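Structure incoming, see below.
Per-chain residue numbering starts at 1, and chain names A, B, C and D are given in the order in which the chains are listed.
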Amino acid sequence: MHGYTQNKDEVQKRLRRIEGQVRGLQKMVDDDRYCIDVLTQISSATKALEGVALMLLDDHLQHCVAEAIATGGVDANQKLTEASHAIARLVKS
Amino acid sequence: MHGYTQNKDEVQKRLRRIEGQVRGLQKMVDDDRYCIDVLTQISSATKALEGVALMLLDDHLQHCVAEAIATGGVDANQKLTEASHAIARLVKS
Amino acid sequence: MHGYTQNKDEVQKRLRRIEGQVRGLQKMVDDDRYCIDVLTQISSATKALEGVALMLLDDHLQHCVAEAIATGGVDANQKLTEASHAIARLVKS
Amino acid sequence: MHGYTQNKDEVQKRLRRIEGQVRGLQKMVDDDRYCIDVLTQISSATKALEGVALMLLDDHLQHCVAEAIATGGVDANQKLTEASHAIARLVKS
């Protein structure tokens, strides 16, 4: 059981849509579409990926991290440190 | 002819790799992989998309924008404004 | 008592340094320094601000959020939702 | 003469406002204000800095880069490469 288990369908739906956007990008490049239009589509795919990341992170905090804290012990600290590192990677990416 | 025409193979190679990463993400979610590992993979795909965007933007400035400026006229201003807007979308995404 | 109470000196030291960078930016503009050098300094101040944000967020999760979860009740959910919103703002800014 | 010369007053006004925000942040920390409120203010200062960067970059492309291209020669390529690097730093910060 993970944080995202309850939202699995929604996560998968979003990821399939992003996969479609990335395939759409390949077609745009094949068709020699205008650079700026390709860039607009990339920004849109990037934002969509960030949306999935924020959703997963929220689920992770609400479930995995919250449970580890409620249980207590060493695992809670590790989970919090891990979450902080994941947040830092997201903010910097 | 677009800015990226000369780098088309490289752009397509990167986009196919990103498509593979997004499909890999779907498999990770299917397999109930740990949230943090999914997030790490999302950060990696986001960075890869940004890399493609920066490459296309560089090509666009070096070719389309530079040519419009060298030719002069109204088109040059429009191309510069357009590029600035694309940069703003990238910085904010 | 807040998450950052123990790191207050470090947070203030960083914020004073960022204030100095922003004043430095004003001087650069006054002195008509080259645009690209000004931009480099802005990127550096932005990264420094993000660093403070990540530090505060980590402290917040480790203390305020962890305590609310350990105590349980409605406050824990509110703190988690609040933290997720703050993370989303950071990722998008 | 730089790209931002015509907007110097506006740039300085924004930078002074950002300096005020960073000083406000120090006061918030001194006053032990709630972490999330400090984070919200940091996101706001970060966005404001990005706004100044995008303004300077736009001015830089419209003036310095456009003039170098119109003049032609080696300087044009260098200015374009330099601008691309500055954009990459901004996108990544």
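Criterion: contacts are C-beta pairs under 8 Å (C-beta built on N, C-alpha and C of every residue); 3 or more make two chains touch, one makes a residue touch a chain.
Only a predicted model underlies this, so the values are computations on that prediction, with no experimental measurement involved.
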Quiz prompt | Homomeric contact chain C-chain D: same or different residue positions, threshold half | solution = same
Quiz item: Of all the other chains, whose mean CA position lies farthest from chain B?
Solution: C
Exercise. Could you give the separation in Å between the centres of chain A and chain C, each centre being the mean of its C-alpha atoms?
Key: 22
Quiz item: In whole angstrom, how far does the Cα centroid of chain A sit from the Cα centroid of chain B?
Solution: 18
Exercise. For chain B and chain C, let me know how many angstrom lie between their CA-based centres, rounded off.
Key: 28
Exercise. Scan chain D for residues touching two or more other chains and write them down.
Key: 50, 53, 57, 83, 90, 92
Quiz prompt | Footprint of chain D on chain C - complex, ascending | solution = 2-5, 8, 11-12, 15-16, 18-19, 22-23, 25-26, 29-30, 32-36, 38-40, 42-47, 49-50, 52-53, 56-57, 59-60, 64, 82-83, 86, 89-90, 93
Self-check item: Residue ranges of chain A touching chain C (in the complex, touch as defined)
Solution: 50, 53-54, 57-58, 61-62, 65-66, 69-70, 72, 76-77, 80, 83-84, 87-88, 90-92
